[in-house]
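The first chain written gets the first letter, and so on, giving A, B, C and D; residue counts start at 1 in each chain.
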Amino acid sequence: MRIASRVRFLVCGAVLLALLWGGSYLSAGALPSALSWPRAPSTAAAGASPNPGFPPTVPFVPTRPPVPPQPVPFPHVAMVSRGVPCLFCHSGATRSPTAGIPSVYLCMGCHLVIGRDSPLIRQVRTYWEAQQPIPWVRIYRLPGFVQFSHRPHLAAGLNCEACHGDVGQMEVTVPYPAYKQMGWCLECHEHQPNPLPLTECQICHY
Amino acid sequence: MGRRIGRRDLLKIGAASAVAAALSGCEFPRPWVHLEPYVRPPEEQVAGVGTWYASTCRQCPAGCGIIVRVLNGRAVKIEGNPQHPLNEGKLCPRGQAGLQDLYNPDRLQGPVRQAERGSRRYQAITWEQAIDDLRAGLSRAGSSLVVWADHTISGHLLDLFERLTAALGAPPPVVFDLYTALSGYAALSAADALLFGQARLPAYGMEEADVVLSFGAGFLSTWLSTTHYGVAFGSFRQRPLDRRGYLVQFEPRSGLEAAKADFWVRLRPGSEAPVAQAIARLIADGGVGPADRVSRARAWAPAVDPEAISSASGVPIDDLRRLAGTFATAARPLAIPGGALTGHGDAVAQAAAVQVLNVIAGGAGVGIAPGPPAEGLVAPVAAPYGRVQRLVERMRAGQVGALLVWGAANPAYALPPALGFVDALKQVPLVVSFRPIVDETALWADLVLPDRTYLEAWGYGVVEPSFGVPVVNSQQPVVQPLYNTRATGDVLLEVAKGIPAAAAALPWPDELSFLRERIAALPPGVFGGVGEEVEWARFLQHGFWQPRPGPGALQAPEARPQPVVVPAPSFQGAAGDYPFFLYIHMPVLLSDGRGADKPWLVGSPDPMTTLMWQTCAEIETNTAIRLGVTYGDVVRIMSPYGQVEAPVYVLNSVRPDTIAMATGLGHSALGRFASQEAEGPNPMALVGPAADASGTSMAWANIRVRVERTGRRVALAKFEDTRGSYGGFVNQAFADQYL
Amino acid sequence: MADATQAEHKWTMVVDLDKCTGCQACVVACHAENNVPIRNKSEVQANRAQHWIRIERYWVGDPPARARFLPMLCQHCNRAPCEPVCPVYASVHSQREHLNLQVYNRCVGTRYCNNNCPYVVRYFNFYDPYFPAPLTEQLNPDVTVRTAGIMEKCTFCIQRINRAEQQARSEGRDLGPDEVIPACVQTCPPSALLFGDLWNPESRVAKALADNPRALRVLEHLGTEPAIYYLKGGKSYVRF
Amino acid sequence: MSDSDIRAPQQRPSLGEMGLDQQAQLERERHLLVDARPGRELNAMVLEPMMRIGRAFWPAVGVLGFLVLTWWVTWGFQMWWNVGITGLNRVVMWSLYIANYVYLIGIAEAGTFIAAALRLLDIDWRRPISRIAELLTVFCIFASALFPLAHLGRTWKFYWLLPYPNERQLWPNFHSALIWDLTATLSYLATSTLFFYIDLIPDAALARDHVHGWRRTLNSWLALGWRGTERQWRLLKVAQLIFSIGILLIMPSVHTVVSYDFAMTIQPGWHSTVFGPYFVAGAIYSGVAAIIIAAILFQRLNHWSYFIRDEHLNGLGIFLLLTSLVWDYFFFQDFIVPWYGQVPTEKQVLLTMMAGHGQLAFWLMITANAIIPFFTLWWRRVRTSWPAMLAISILIQLGLLLERYIIVTIDLGVRELPFNWGLYQPRAAELIMSTGAVAFIVLGFVVFSKLIPFVVLYEVKEGQFLVQLKRIGKGLIRSKME
């Protein structure tokens, strides 16, 4: 049975190699870490993403989320080009998780006087006279298990365009294509000077 | 809960997978979500950041201060008011569950009329019709009007009721509910009147005490002021006088206090007061401790024979002597009369017998509440049970033209059926309930005009008992009213306009102006403020008013010695055919039944039995073996006045001759959680109609019962594994190491 | 002033068993704060009650036995047995906060973590939560409402920790010693529960544990290194 | 020498006095490999039952199909109505699903292991039953692989257990024993299916040449154009050898990994170092019993008394006795160590098993697995009587399922803190899925027995060719050419 003898040789060789490799690995001081508590990835190596380079990450595929029909087609470009800062309407961004949508009272603060005759502002005024809130349709709608907060991002020095795209030039506000993909958030969180705390799960999911 | 959340809800709160959306690339058409901003935003609210509003907790009569986190117009969390002198930022479980009063799914959405009483067919009516009906009823009733209020009523509403009844020539409102009845409010006030001349509730400074003898007082679960005594217990255990406080609990059944006590005296039910007198006698005879105490003891101690009392109550005589010695030599001893000792014999004398110990000890740390700080303010005073008996007689005789029931009094559930309140109701032409949820009394009501829950309503509350410094709580709506409810104060003022006799007495346009006028009478308090507007704003912002900061010292007024005669314990029901004593207690979560409609309370485990959604009959281990019953067996418990069926729970911390039962369940109304989901006996069905000798409280603590097996079994909704908690496994090593 | 993002916190809780009266205030407060669903009677009869913190009541001594209360919640072990066994990293360790995290959206519900938890403090949603009509108004928007099929456990009110850290970081300072208070610690009437950063000497827990002979940790011999210290109570030092 | 001349065995003269032809007749009666029949007759004997659809076939498929259908429907219902429909609670969160997984993958491993081991040891009584063993493995593996998915809380997210590249940089946690289970099950699924298929090729070719209709096309596809040339046979022999050695290595690893689900925890009663070999012994034990059941059923239903004779049952019986003793030894290990250690929680585990909630299951398991086989399998008469062997094997199956059930639910019920002990009662969902899985395996056998030949004919023919009766002195002996 020449085959059997050859197979026997192969099997013994493989086992011998395994022992040699394992021994060298253990003797090379890997024993303490090998026997240490099997930590979750985020602490495997400081400053590394959850699985340092091991999972071949696929670049996120930005999809084109649909643009919802708004009750009043609000052109950001008209306001921003006239020098209105983002925080004027979305004032919550620096002190609350949600940036907030301006109240009809805030709109009418200016538009009772400015541009009374333009059709869009006339539409807004009808809501004001009826004392009814404007039923805006939500563009950015993160799933319930993501606790996103604007405040630390602005505290870290980011401005709105970093995530929302250049809304100032938009006639119709379109959501940033990849806002629903975790990879996009990790892109920044990983490349901070000290990524360890920012790549832990409790930053967004709790 | 069973699976009642629909697919749509799951999508809304489900875990949509981002990856699937990315990979699929195409978005199936989803329903758009609208984001409706304010029209006129309130200036103090930022979207996404909670705003805290201060108010008062109305889950029990204590009156702790609370702050409520409101986020985007929704109340999401109740916490204790950190500045409040009574609870210092802490809350008991019932206080935390207040949100489920506000957002209870079974709340009435508007005024309803019940054409045929007890039919549960409520027909929605408009507020105008409701007010017309009420006005017609009141004008017809005239002086035969009776108002029945709960002890957690806001001061200004009670004031309005008093003015209305006075204007119509009717008797003043009856303030009576099961919580104050079983806690012995009326009897304790009467005892203080007997000893100190002021008919006010006693207050005990437990945080500085070093020895506390508690005669059946449930001060950690449901008594005068649960959270305050909880906070005080924290410092009582933290070496107030450079040694750890020593707590002795005299109770036939182990509640939270007996579990935490350093020495638990498992005495026979009904013998608390005689044991207190025996201790007083032993202090007088023993002559141990400071001279002034011994002399006072000799002056006050009743002529009783400690040996006889020791054998009658089942407490060994050397324990009594040791306790007498400990009490006499303690730096700041306290003796606290509990609710159970006011439920039989002569309630006032028995409460006074325990207060005598405090007098002997010098009265330090024992305070008598000074009453409302300003003459314009009104505080509810618990009506003696005799007055309730007479009222039921008058109802049965048809002398009551209209009965208005406000709040969680719920007499149809609270009063013993033997008193016959429900069929007495049939003789009353108009019964109106103001409770936001349909309870047992509202089942037999003609009109239910739902008041706003306390988180949607205005009001004030005089903290009774207050600890050294008088406190008045403010109460403001923290959210917009949820449904088409109207404040009862406004309803009364609206009704009074149509009745000539009452119009003069109640001229105010709405209850808020009446409230502002009453509060303006308060002198400037801790938070200063000059003009009325600024003071009112501060009053609401901080949640309470206090004349001067800091806890005041508690010192009992002088009392002249007088004999306190305690009758020998007597029991209802012959010993022969009713071999067991019945010990009724109020659990910490359900209290007197007002907790049964809130899932957070009725669905959380009871500390001693770990039962949820159920209450049981607690039987001692050997007695259970003798009766041949075990966990979950349904037994029929019969007293001379009625019978109930309850599952058995075997606890080896009850006296062998006692069956302990918790109040709170056995509801036929009060919403889906209390009536359909929860199951349990109502022990009041076993109680007789009689009052105690002094007429101040029900005779509910000296009932004898008989136990019969029904052969049925019920699966117990418990949290613990009885093999683990009881079996031999909890050996001494485990206990020493961890417990 | 260390960079605020750097600071690691060793969140620790101290439970004084001498003060805990077993009044269940912490249990109800936890339900209110963390949207923990209440299971109905048939579920509880099937032994599926769901309370992130529970008061274990043991009977000690021969009759008349005395009840002893042991509040039991997730111990946030430093070497948590539930972390290596989770196949999808739903149960992970936060090195910065020294907490054991439960990532609800990552959990597939193998329930292996509860089998390996010696304290049995991880609860599984056998059914969807039941919040009839207006009760959904009282849900806390800072905490995810979990659906069926997901494990959940005490998180030391991580939403309060994160909110406090965001507040501190935007003010350019590190967290104060007692700035973070979970819902149960806040409402415990006798203050039996203390919480804080063990590595911050001014925090209440550090002071309470400073060479305190009463301090012990439950099931410490299993090597889980729990983050909750219990102070023995009861007869350990009653002189009378 | 007609059969009638042979007197009843008890009057038969001893070997010494019998003539040579009488001895030859006796040998042929006892041993398959000596009782050679012409090829065509053997082919007919194997292929004829395959072609014939008996009266009982369709009702059997109907019933078993219904049971399998209820399994799938229950699983769907559980996914919609969530895991609450099972009897699990907050303490015992694993139950019959995991017990079934371990039990079925145990049977699966033993099937191919026995076929491979006996081939390498060149034991002759394996020849007619090796296909039954391999097919048992294939069906059991598929049934068992579905249970870990059925017990997931959110089954529709099972793909998170697989290491697929994703943009969230999240990889399954390779520290977890469940991921080892996944890899072990999939690797074993692949190797055992291939092992079964490689053995099937020559027989499929045989069926292709002698059968007509759709079975012919099916078997021609399966035979991959097998011509039986000398080179093909040599390659087949090498492939079989490699796979046999592969199975010998993979089998212990798979079931040890399955036992690591329990051994790697710190749960009292689970974390014991003997679990690895203990589960492997249990696996082989239940596998041999399952093969005996299958062999007896095929012998009875297909009237294959020629292929499956007393010597095969006797061989299997001895192997069963051997594995029974090994299992007893390991169970005793797992039992005596906690008892001797007297650790309170582990003592409580034993108490619960022996006298508490699990005593019925425990004593039934002990009698079925240890007592009955020990007091019956020593005797040849018992080993060769098919009703006795069938009964003992079925009892052993029940015993080992109970053993896994006890390990999973009773041990899990006793926790470190006594407040949290738990009891577990199975509900309808779990029982339906258990019966459904067993029905799936039996259905597989019934259907496949009509598709492919169930006896490895070429091995039987090879055996009959190699074994000759040789005369030495007055006696005849069976000798095997090398």
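Keep this in mind: contacts are C-beta pairs under 8 Å (C-beta built on N, C-alpha and C of every residue); 3 or more make two chains touch, one makes a residue touch a chain.
Computed from a prediction, not measured in an experiment: that's the story for all the values here.
Novice: Between chain A and chain C, which partner chains are common?
Specialist: B, D
Novice: When the contacting C-beta pairs are counted for B-D and for B-C, which pair yields the higher total?
Specialist: Spelling it out, more C-beta pairs touch across B-C than across the other pair.
Novice: Can you tell me which chain is nearest the middle of the complex, judged by mean CA position?
Specialist: Smallest offset from the overall C-alpha mean is found for C.
Novice: Using mean C-alpha positions as chain centres, tell me how far chain B is from chain D in Å, no decimals.
Specialist: Chain centres of chain B and chain D, defined by C-alpha means, are spaced 66 Å apart.
Novice: As a quick test, compute the distance in whole Å between the mean CA positions of chain B and chain C.
Specialist: So the centroids are 30 Å from each other.
Novice: Could you please state the distance in Å, as a whole number, between where the Cα atoms of chain A are centred and where those of chain D are centred?
Specialist: The computed centroid separation for chain A versus chain D comes out at 51 Å.
Novice: Scan chain A for residues touching two or more other chains and write them down.
Specialist: 38, 40-41, 50, 60-61, 97, 143-145, 181-182
Novice: Could you tell me which residues belong to chain B and also touch two or more other chains?
Specialist: 3, 13-15, 18, 22, 48, 719-720, 725, 730
Novice: For chain D, jot down the residues that touch at least 2 other chains.
Specialist: 82, 84, 91, 154, 157, 166-168, 170, 173, 175, 417-420, 422-423
Novice: Based on the touch definition given at the start, go ahead and assign the chain network to line, ring, star, complete or other.
Specialist: complete
Novice: Quick one: which bits of chain A touch chain D in the complex? Just the residue numbers, please.
Specialist: Going through chain A, the ones touching chain D are 3-4, 7, 11, 38, 40-41, 49-51, 54-61, 181-183, 186.
Novice: Would you mind writing out the residues of chain D in touch with chain C in their complex?
Specialist: So the residues of chain D in touch with chain C come to 82-84, 87-91, 93-94, 148, 151-154, 157-158, 160-161, 170, 172-173, 175-179, 182, 261, 264-267, 412, 415-420, 422-423.
Novice: Which stretch or stretches of chain B touch chain C in the complex?
Specialist: Per the touch definition, chain B meets chain C at residues 1-5, 9-10, 13-15, 48, 71-72, 74-80, 87, 89-93, 95-97, 99-100, 102-105, 107, 220-221, 226-227, 230-231, 233-234, 237-238, 243-244, 246, 254, 256-260, 262-264, 266, 326, 482, 588-589, 599-601, 603-608, 610, 612-614, 620-622, 652-653, 672, 677-679, 715-720, 725-726, 730, 735, 737-739.
Novice: In their shared complex, at which residues does chain C touch chain D?
Specialist: 43, 46-50, 56-58, 70, 72, 81, 83-89, 106-112, 114-116, 118-120, 123-128, 148-151, 218-219, 222
Novice: Applying the document's contact rule, which stretches of chain B touch chain A when the two form their complex?
Specialist: Against chain A, the touching part of chain B is residues 12-16, 18, 21-23, 25, 27, 29, 32-41, 46-49.
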